[in-house]
Structure formats: C-alpha cells, structure tokens
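All remarks here apply to the structure that follows.
Letters A, B, C and D mark the chains as written, and numbering starts fresh at 1 in each.
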Amino acid sequence: MWRGVLTVLEKDLRIEWRTKESLASFVVLGVLLVVIFSVAIDPSPQDAPRLAPAVLWAAFVFTGLLGIQRGFVLERENDCLGGLLASPLDPAVLYLGKLAANVVLLAVMQALVLPLVAVLLHAEMARVLPALIVVLLLGNLGFAALATLFAAMTVRARAREVMLPVLLLPLLVPVLIGGVKATEAALRGGFGAAVGALGVLVAFDAIFVVAGVLLFEQVIRD
Amino acid sequence: MRVLDALLPWAALVVMLLAQWLIFVVVPTEAQMGIVQRIFYFHVPAAWATFLCFFVVAGASAVYLWKGSRAADRLALASAEVGVLFCTLVLVTGPIWARPIWGVWWTWDPRLTMTVILWAIYAGYLMLRAFGGADEAVARYAAVLGIVGVLDIPVIRVSVRLLHGIHPAVLTTKEGGSGLTDPMMRTTLYVASLAMLLLAAWLVALRVRTARLEAEVVGLRRELDHV
Amino acid sequence: MSAPAILARGLRRDFGGVAVLARVDLTVEPGELLVLLGPNGAGKTTLLRVLATLLRPSGGTLQVFGEDASRRSPATRRLIGHVGHESACYPDLSGRENLEFYAGLYDVPNAEDRIAELLRWSGLEAAARRPVRVYSRGMTQRLALARALLHGPELLLLDEPFSGLDPAAAQRLQSLLAELARAGHAIVLSTHDVERVAAVATRIAILHRGSIAWSRQGAADPVVLAASYEAVVMGRA
Amino acid sequence: MSDNLGYLFAAYTAVWLGIFLYVRRLARRGRELEDEIRDLRRRIES
C-alpha cells in the first residue's frame, strides 16, 4: 500500500519539479497578493504584525488553489487519469499519494511567500519559526485534503477556474480561522492562547483526510 | 407513501395557522425588545428547517453513493434547494431583527456567521448541480459535496466561536430558549418550529415530484429517439 | 485459464440518454485475436473501455476472467492492458520515466530488464531520455503500446493500435500480436486498416449502431470482408 | 416601539413572499413538465 503512495508521490513531485516555471508564476501571484494587501491596508509599522497572519493565509489559499488545480489538469492531459484508474492501484492509495504531493507543493509555495510577509509586514518570525511551521503544516494538510478531493471533481466542469474556489472556500473557513488565530498566537510566542485554533485544525485534518480517502473513488470513477 | 403525500400539505397548513395565531394573538410581548421580537418565531424555526434539510441532503447523498438509487439523488437535490431557501429566509429575517435592536444590519455573531457560511456551501452545491454538466458524474460530485458539507458543520460551529461576536449578553436572549421567560413563548416556538418543518417537508416533496417529472421527460425523449 | 477472457451478455452503455452500446453479446477465449470493424461512432471505443472495466455498463452482464466487471478487483485489473486514443503517458516525464512509473504501479518484477526490452521492441531507446511532449505521434503510440504490454496482461484491448505507426512499426506490432495470441493471450482490437489484420485475426466482427451486426470465425479474404462490411453498414444505415 | 412594527411586517412579508414565489415556481415548472410528458407520449404512440 505505502509503495503505491510513494510511487504516485514521487511521480507528482518529479512533474512539479519539471514544470517549476509555471509554479513560479503562482508564487509571484502570492507575492503580488501580499504586496497589494499590504499597500491597500497600509498598516503602521506597529499594526502591521497584527495583520500578517490574515494576509499570509489569504495569499496561501489562493495560490494553493491554483497549484492543486493545475496538478489535476496535468493528470488529464493524455488521459493519464484513465491510466491510473486502469492500474491495480486502490483509489485511496492514489488519493494519499496526490494528497502528499499537494502538501509538499503547498509547503514549498508557503516557504517562498513567508519571508516576504515577514519583511513587508515587519512580523518577527525567526524566534517562533518552529511553532509557525507546525501551524502552517496543520493548515496545509486540511487544505490539501479537501482541495485534492474537489480539484479531481471540478477539473472536468466547464467553469472550473471559478468552480473550485466557489465550492472550496466556504468549506475552508475553519482552516482560515484556525490558521490565522494559531499563527497569531505563534507570532506572539506562546501556543497558550491557540489551543482552540490548533484543536480546530487537527479536527479538520482528521475528518477530511479520512473523508477524502473514502470519497475519492466516487469522484474519479468513470 | 401516497397518504403521507396527500396529508402533508394539510398538516403543514393547520399547524402553520395555529402557529400564526399563537405568535400574533396569544404569546405575550417580550419585555426588553417589544413587538419586533416576534420575528424570533420565524427566524429560529427557519434555522431549524435549514439544518434539517442539510442533514437530509447528506443522508440522501450517502444512500445514493452506496446504493445508487436515483430517488435518493433527487431527494438530495430537493432538500438542498429547500434548505438554501430557508437559509436565505434566516439571513433576511436576522438583519431585519438586528436593525431595531442594535442599530446595525449585520453582526459577526457566531450563529449568523455560521448561517452565511452554510448558505455559501449549499449555494455552491446548487451551482455545481447547474454548471457541472448533465451527466451522471455530477450527481456523484454533488453527493460528495453534500456529505463533506455536513461533516464541516461542527468544525465551522467551533471555529466561528473563536471569532469574537458582538454583545454576547444580548445574544443569549436572542438565540436560545433561555431568553424566553414565559412558558407560552417556549410553546409558541415549538409549534412555530413544527410548522416550519412540515412546510419544509412539503416543499421538498413538491421539488422531488418536479425532479421525477424531469427524469421522466428525459426517458421519454430517449424513447422517442429510438422509435 | 479456464474462464473465458470476456463473457458479455446484452451489454449496454448510455451517455446522456443516448444508448452508445445497445445490446452486445460477446465471448472471447484466451488465444483469440478478435478484430472489431465498424464506422466511426458505432461504439468501438466505448466497448473497449467497458471491456477494460474503465467504464461501467448501464445494463447487461460482463465477466472478465470469470469475475464480474463491477468488482474490478486489483488482481483482475492486473490482467488487463488497454490502449485508447490517448497515450496515458505524462508529457513532462521522459519515455523511460513513464515506463518506470507504470512498472511501479503494476509491481512488475525485474522492471529494468522488462523496460529495456520494451524500449528496444518499440524502437524508443534513443528517445528514452527525452520528455514525451516532444515525441511524434508514432513514437507516442509505440510508447503507449509498450506501457500496456509492460505488466504482461492476459487480455489486451487496443483502440486502433496501428494509427500513426509507420509500416515497419506496424509490421512489428502485427507479428507481436500474432505471437501473443499463439501464446494464449486474448486480444481485442478495433481498426479501419482491414488488410493489416485480416491474415492474423482469429475472428472478425462488425460493430454497427451499438451492437455486433456481423461476425465470422477465422481469417478472411480482404475482398470478401469489404463486401460484407458494405452490406452490413449500408443495409442497416 | 411603534416603528418596530414596520420591521416585523417587513420580516413577515419577506418570509411568506419567499415561500410563495418558490411554490409558484415549482407549480409552474410542474405544469410545464406534465404538458411536455403528455405531448411526448402522444408522439411516441403515433
């Protein structure tokens, strides 16, 4: 079972690496979002750190959506999805492989956007980096769990660029709220206040990774 | 089943009339908020109907995915549509009530925030049904969304509580039954809720009938092509 | 293999209300090479995808190696090789990487030798390192065939396998198919290139308006075949 | 408190208007479909 997951993961990461130019375009979008938010809100240096978490997560969600959607567009080229369906691979294994690839993809995009937010919004991150990484990864997992399930669904729909955000964003509210609140607490140095937010993220991840594993087959069947 | 279908509209009508009578004649006016508080007897029952509809969507979706029964798929679509209707009513009556009490149309209080998010999820469900294309795969996608939507409700409920709402003190009187001092108020709320649920059930039944007719038209058209 | 490779009775498949496959009755034993002829839109591609358990039938029954197609157990899927109109190969990966990925999916024993052998057979050794995106149509088709043969399937389902192949490659494919059939594999392929397969086929059938309208055992003389094809397609049009 | 009656009335009409419009839409759609079914049946028999 895990060999199948690794096979799919390795293939997806190799393709992401091969097509990294277009991934760069998503990171540029993330950067633009951060710059625009910063300029639009125009916070004073003292206020800026308070806004960093919201700007961070808003940029992550939009760039992440594009990255994951593109993953499935690639899968449909030459009907590779048909090849995967024909293989003896269990759909749940296929889902976990793609989920892992998407988490790595999101983490890489976040790692590129994070320093920029730190600089632009004067958010002091170095000291609390480990805690921050934990929060980001928790948020990533939940986001990728649902995005992987729904990207497979909307890739065939006509208005797919609109459809994925419309279906996914309301469902992702817990990740957005949990992520922002937990990031705020992490930036303030203590996880104390963030127990609720972390709980939401962990619960969300648990529910939707399991739901993804069970429901993925229904989404990619004939 | 037939008897239930025929009985449903009448039951809904009778209980609804009883509810109107209770709301506008019998129940005493709430001390603090005055007459406008009666909106409460529409707002909360509509919220109950919304939640019930969305749980029916999830149940019917699960049955459709694992049993493949077309009727379950139609029921899921019907109760999603009716659910969004009642959710809209909640979102309309909410601000109309908040305006005179707090002087503001909208507050990010957990209950209202939750309702907006649910409205967005199931409006997305209806969009997926409409734009996802006619083939059978869309029904499966909608079913998956129907199940995921309901699984998300508890997590959303907890996460919106992390947002600080407005005047928590006032909320309790607005929200829960605890704010209802007079026992008659509580009875009125239950009757009004029952009336709204029966009404919702009737609307769902009507919508299922329409969906069945639509399926029949498709079937007849196919037959016509083969003749 | 006692059970027949394919046992289909009253197979039906609809798309958006239109019955693409009306009533297909078909039995294919191991060692048979069945050639499907028929005009475009007769349902050849759909039939091959249903037989490969990629598409669920809307009606009728289908058993592949004795197992009901709807079960789609991994063991049965391992026995099937399918090549459709699309190559199912990743354009951003090289030919070799595509084969390595599929070898991983199918747990192919001693994958390296198997891949080397198929690259030689398909004449893609030189291009093995280059991304499939730059492959010609013929090269992509040969890679797709190599991919489908990689895990040694007992049942081969090929949708117009000769399209895009140069004569030499087509000749190599034709002799390989004959060899595989003799070795006990079951093969079903659709084509418009009647001469190419007439000599090799163990059975020829014509699919018309979603069901098998004509079928003959044994290879057929191309002239006779063309005449009956005309009669069937024109007669029923 | 009297102007609040306006708000109550607004909410009341909003609720019943919403439900009425929906029921009317369903009824109209139902009639359309029934006519189409009758028409299709006739054309199939002939």
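Rule of thumb we're sticking to: contacts are C-beta pairs under 8 Å (C-beta built on N, C-alpha and C of every residue); 3 or more make two chains touch, one makes a residue touch a chain.
Here the structure is a predicted model, which means the values were calculated and not measured.
Of the two chain pairs examined here, B-C and A-B, it is A-B that is joined by more C-beta pairs in contact. As a whole-number value, the distance joining the C-alpha centres of chain B and chain C reads 51 Å. Separating the centre of chain A from that of chain D, both taken as means of CA atoms, is a distance of 42 Å. As a whole-number value, the distance joining the C-alpha centres of chain A and chain B reads 31 Å.
In chain A, 221-222 are the positions where the chain touches two or more neighbouring chains simultaneously. By the document's touch criterion, interfaces exist between A-B, A-C, B-C, B-D.
Residues 34-36, 38-39, 42-43, 46, 82, 85, 88-89, 92-93, 96-97, 99-100, 199, 203, 206-207, 209-210, 213-214, 216-217, 220-221, 223-224, 227 of chain B touch chain D in their complex. Listed in rising order, the residues of chain C touching chain B in the complex are 14-19.
Against chain B, in their complex, chain D makes its touches with residues 1, 3-5, 7-8, 10-12, 14-15, 18-19, 22-23, 26-27, 29-30, 33-34, 36-37, 40-41, 43-44. Across the complex, chain C is touched by residues 134-135, 218-219, 221-222, 225-226 of chain B.
If you check the complex, the residues on chain B that touch chain A are 65, 117-118, 120-121, 124, 127-128, 131-133, 137, 140-141, 143-145, 147-149, 151-152, 155-156, 158-163.
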